[in-house]
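Per-chain numbering from 1; labels A, B, C, D, E and F assigned in written order.
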């Protein structure tokens, strides 16, 4: 029982839970937030495996780019968000 | 002396002090107290614990530096702007130090203000937006060194030169911001914030590419991802001189990344009320505003470390001062352009990004490759 | 998606609402909505005597209040048949042209903020103060001058006024060249303005657009030349015209007008005769109608007064140039980006005070 | 893009100021009378360049089309509605830039049926001015594309510029 | 000047505006002091004609109420008060919360008692504090210190109680602007002076044996004030208008033929009738308001 | 939230004067122009008068403002919108009625479409007379507002 195990368990749990939330979340933007959390958890695991470069690239590419692109896709396709609630 | 040494010394001094007190009191107390204190002393003076202490101390130092820099930056911005606009800027609050306390007053006032969450806003996103934005920006700040000794190393090895891929880490965390901005803009449930968030994300995404390409040329010349190595490689000549195109491209991209004037479409005051911060109030808005300037400082620091030779300078000033002077100069340069240029349009900004800056960045990369293959670096 | 811009919005410079329908960032429909500042000035004026109306017409347009009180005095003089002394006419012309420069500088400042150029805003505001100071010395107030009277002007010019106004003209001409550097010298400004908000000449004429937006479409029409009032026939100047019809042309026309106004001020100061500056106007107006037209900084201002023999007008109608020009705004907006709204609407120089009355 | 660099000046610009074919006041008068002999009355020259004519409201639209197309009155300056005892008068100030003329065209409408034909199809600039006249004076303009209140709230009950209006709610 | 305009070039990308702003920066720095006026410490010099808070000279003011009448916004009112020096008087007050600062009240004041100062710091916490009564406006020294823009004229002013209708002044006037006008039904005449022609030569005042014509400084007035129309048939001779008139322009004269026939056949005292000296009238309408018998008409004045 | 917690009360007890100092020295008015006085409001931030010396910065959104600067006549069409702007502002907030139109309706007080005075539906703290009020008068009003805040002795637990 070293501290690495605890950290790993924590990361794994958060990764799993957030992955579950990606599927289960009612609001689609929430699931994207959960996806980002999942990616970050994975990146942290890479750090634990001493693969710092992969971790950084994981954050740079996935969180910084892929998630944003997904978010863009959601917002541009779902007009309902923007059409609703006319002031 | 680095931070680890510093913590080591302090902890050992403290443990010694407590042990001395204990020895003095030892005659009057039962024996198991002594064992307890010895155990605590051993734990406190252990290598791992001191490392954790050092990290905490680093965090505090980083935040302190960041906050003081932000206060300085806002003050500098306002005073510089004021002289350019032919007026004083902040003047009476902290009269003796040139109105420097104005920003402090602003911050404290925002802290005091009531925080309103709009009724129709998405509560989670509305809270997470500033958290991610501020957190990622502080993380990006973490790896930027101020001097040869003044850096953050997370390892306990005294001879280390900081985190290996520190520059890459800084850029990775720098790149998270559009995500948080999109979340913040979407969850406010306001059309202006939504458009602002979309614009901001689009702009940051498209400017990240030329920016990373120029940075790649620097990595190529220095042969490392770490700030320490990059700065050390600039001992003879700044990278900004062979890679002048890269420097210019980088600064333009920085202006777009930190959303200041010619590229501040997301906060375009004239068309979108306050951009994606429209619905935020109180300290949340204060954090946004502060982090905006913080990112300005990060930008200046990055440009300094990558292109302008970091802390290298004549020896009559200490390294961190040189570094800060350069970072402030870059910031003032950006501010200068900011106050004398109008804002560009959203399609034009993408045009500039993709059609002008990307080819320039690639050209810069080719120059770097040429220079490297000539064997000059 | 419909976006409401206003009534509280930094773009509007006043109180009005622009509903814009956007597809992505492109405008497909626009509906200006005015009336948030409707004060019923026409009704109020029916309950005031002819003299008392002058300060209220001052409040018609906060950008160039002198033009409107001058227009009112012209109309009332037309109704009553009052002859104005020549010195008063020259003082009025000089004051109006100063007001025109101040108004255009205010426009420049507002336009600069619209485009995000804070420097332009503050410098234009700073230089506007020079003319505000002159008008303040002339009339005694900063913004609502209450200076023209039916049958002349309220006071004679103060001492040193000639010298100061000539200096101010020289000063502003230098400054205008700096502005040209600041605006046209920048690539970004040209990108934002050239080819934006195009209005065809035929459309402009049909939609009743007047003033700088019309002259920016290549129509050389200036009421100071066409239907000269006051002493404009004796003054040599050229109306500023630009053929392009876009935002840049509007900007250019206004800048040229400021140069022309400096010329007019110089001539008016030089030609100003000695003599009386005011005659006593009758209290009651005859039965009949009076009509006056002037070239406001924003377009064609017009007033129509029906008198019924008492000391109060029976009906007073104001034609505001911007009220008509705004109705042409959708024609300019459709097809451009949301960010162009500020450039186009800013280029029209909105003044809600006269629009809503 | 050539024009961007072109200096703005009045030269080379088509001048709207009148040419050789000046239409004098009498010519306008004669042309109007010839075309609408029954309805145009009370023709008068107020001062140089300003004319006045009264016209029956039935012929208003036709006269306006005639004015624009044949006589070159291309600009509508102002539409004002005036309430007199027993009648409303709608005053159109129509300007001809070419001939430097301003025509004050007055049409009368009875109080129980205040309606005239809309001229917004003739001059686009008349659109909002007619809406304003409807809003403040309550004169209905037939065939107007969108006759709504413009300055006052949509649910306002009165027409405030009428003489019998005292304060409203 | 306009010919030398530079062509709009944009080749400089962003260099020219940045140079321009940099020049401004350097200029401001070298000068050491920007354009700003440090307001609460340095106050801008305002022109003497500036229209700020009002000030009222109690001694000059005659309480005519012309300022109240001409105020386009009804923000002034007349307040009755007792002054130890001046007795019972009526003086105007101003509601600063509604005043337009248009300056008509100052312009119309026949004795130049009301003035605008250059004071503008009127901000207050309560709406009621913005109503400035006459006591708050009082400043008896201010009006003497300023140069009045309106011209003073020396004019002969008639004191009807001394006039004997001797007609000497008519013959003396070189401009022939004095005409003897018979007073309706009284049987006497009084000199009426055409103010437009009068040059202020003082000859009439010198020649007057009863000193009824006196030279006085009168401010020129540019407003046409309403003139009272007197209907003799309605007058009952109560004298209310004469008492109300702040400018002493109404005299009560005995009119022959109105005596009451007493029981013993003798005639009593003749009744008095008002006589208006319109040169002195300031057009305030107080007589109109004071008259209860509709003997005075004043179109355009509210009752 | 911070108010009610013991931490908040403690902070307030300790740093009351400090919070008060910060609040009164950083006044953000709403950038909301109605009529003539709006121009003078703009001039007040221009180089000649420079309200920024006192920490006055105009913000465009009501969420980030402390002061609602009503600078013109409020028509009946605008009244609900203005009330909404006021409600959107976070506590502590103040209202300045600038110019005659905002104080009492000004020249339009008899008009059928103008609310005679903004104090009929919003509590007003400072009245600045003037038509329009000079920029200096506005700055004077801001200084008086600072005095008002100082006299209220409110720290963290601000509001009315």
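One rule holds in what follows: contacts are C-beta pairs under 8 Å (C-beta built on N, C-alpha and C of every residue); 3 or more make two chains touch, one makes a residue touch a chain.
Not measured: the values here are computed from a predicted model.
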Touching both chain D and chain E (chains): C, F
Most widely separated chain from chain B, with each centre as the mean of CA atoms: E
Chain whose average C-alpha position is farthest from chain A's own: E
CA centroid of chain E to CA centroid of chain F, Å: 39
Rounded Å distance between chain A and chain D, as computed from the means of their C-alpha atoms: 65
Between chain F and chain A, distance of the C-alpha-averaged centres to the nearest whole Å: 43
Between chain C and chain D, centroid-to-centroid distance (C-alpha), Å: 22
Residues of chain A touching at least two other chains: 82
Per-residue multi-chain contacts in chain B, two or more chains: 82, 84-88, 191, 262, 269, 273, 339-341
Multi-partner residues of chain E (each touching 2 or more other chains): 5, 8-9, 14, 17, 20-21, 24, 34-36, 72, 100-102
Contact set on chain D toward chain C in their complex: 1, 3-4, 6, 8-10, 13-17, 46, 49-50, 74-78, 80, 82-83, 91, 93, 97, 100, 102, 104, 123-129, 132, 136, 149-153, 160-161, 165
Touch list for chain C against partner chain D, complex: 34-35, 38, 40, 42-43, 190, 194, 203, 205-210, 218-221, 225-227, 238-244, 248-249, 252-253, 256, 291, 293, 300, 302, 304, 306, 314-315, 317, 319, 323-324, 326-328, 356-357
Chain F to chain D touching residues, read off their complex: 76-77, 112-113
For the chain E and chain C complex, residues of the former touching the latter: 1-2, 5-6, 8-10, 12-17, 19-21, 24, 35, 46-47, 49-51, 70-72, 100-104, 107, 116, 149, 221-226, 299-300
Complex contact set, residues of chain F against chain E: 47-50, 53, 100, 103-107, 109, 117, 119, 124-131, 133-134, 136-137, 139-141, 143-144, 148
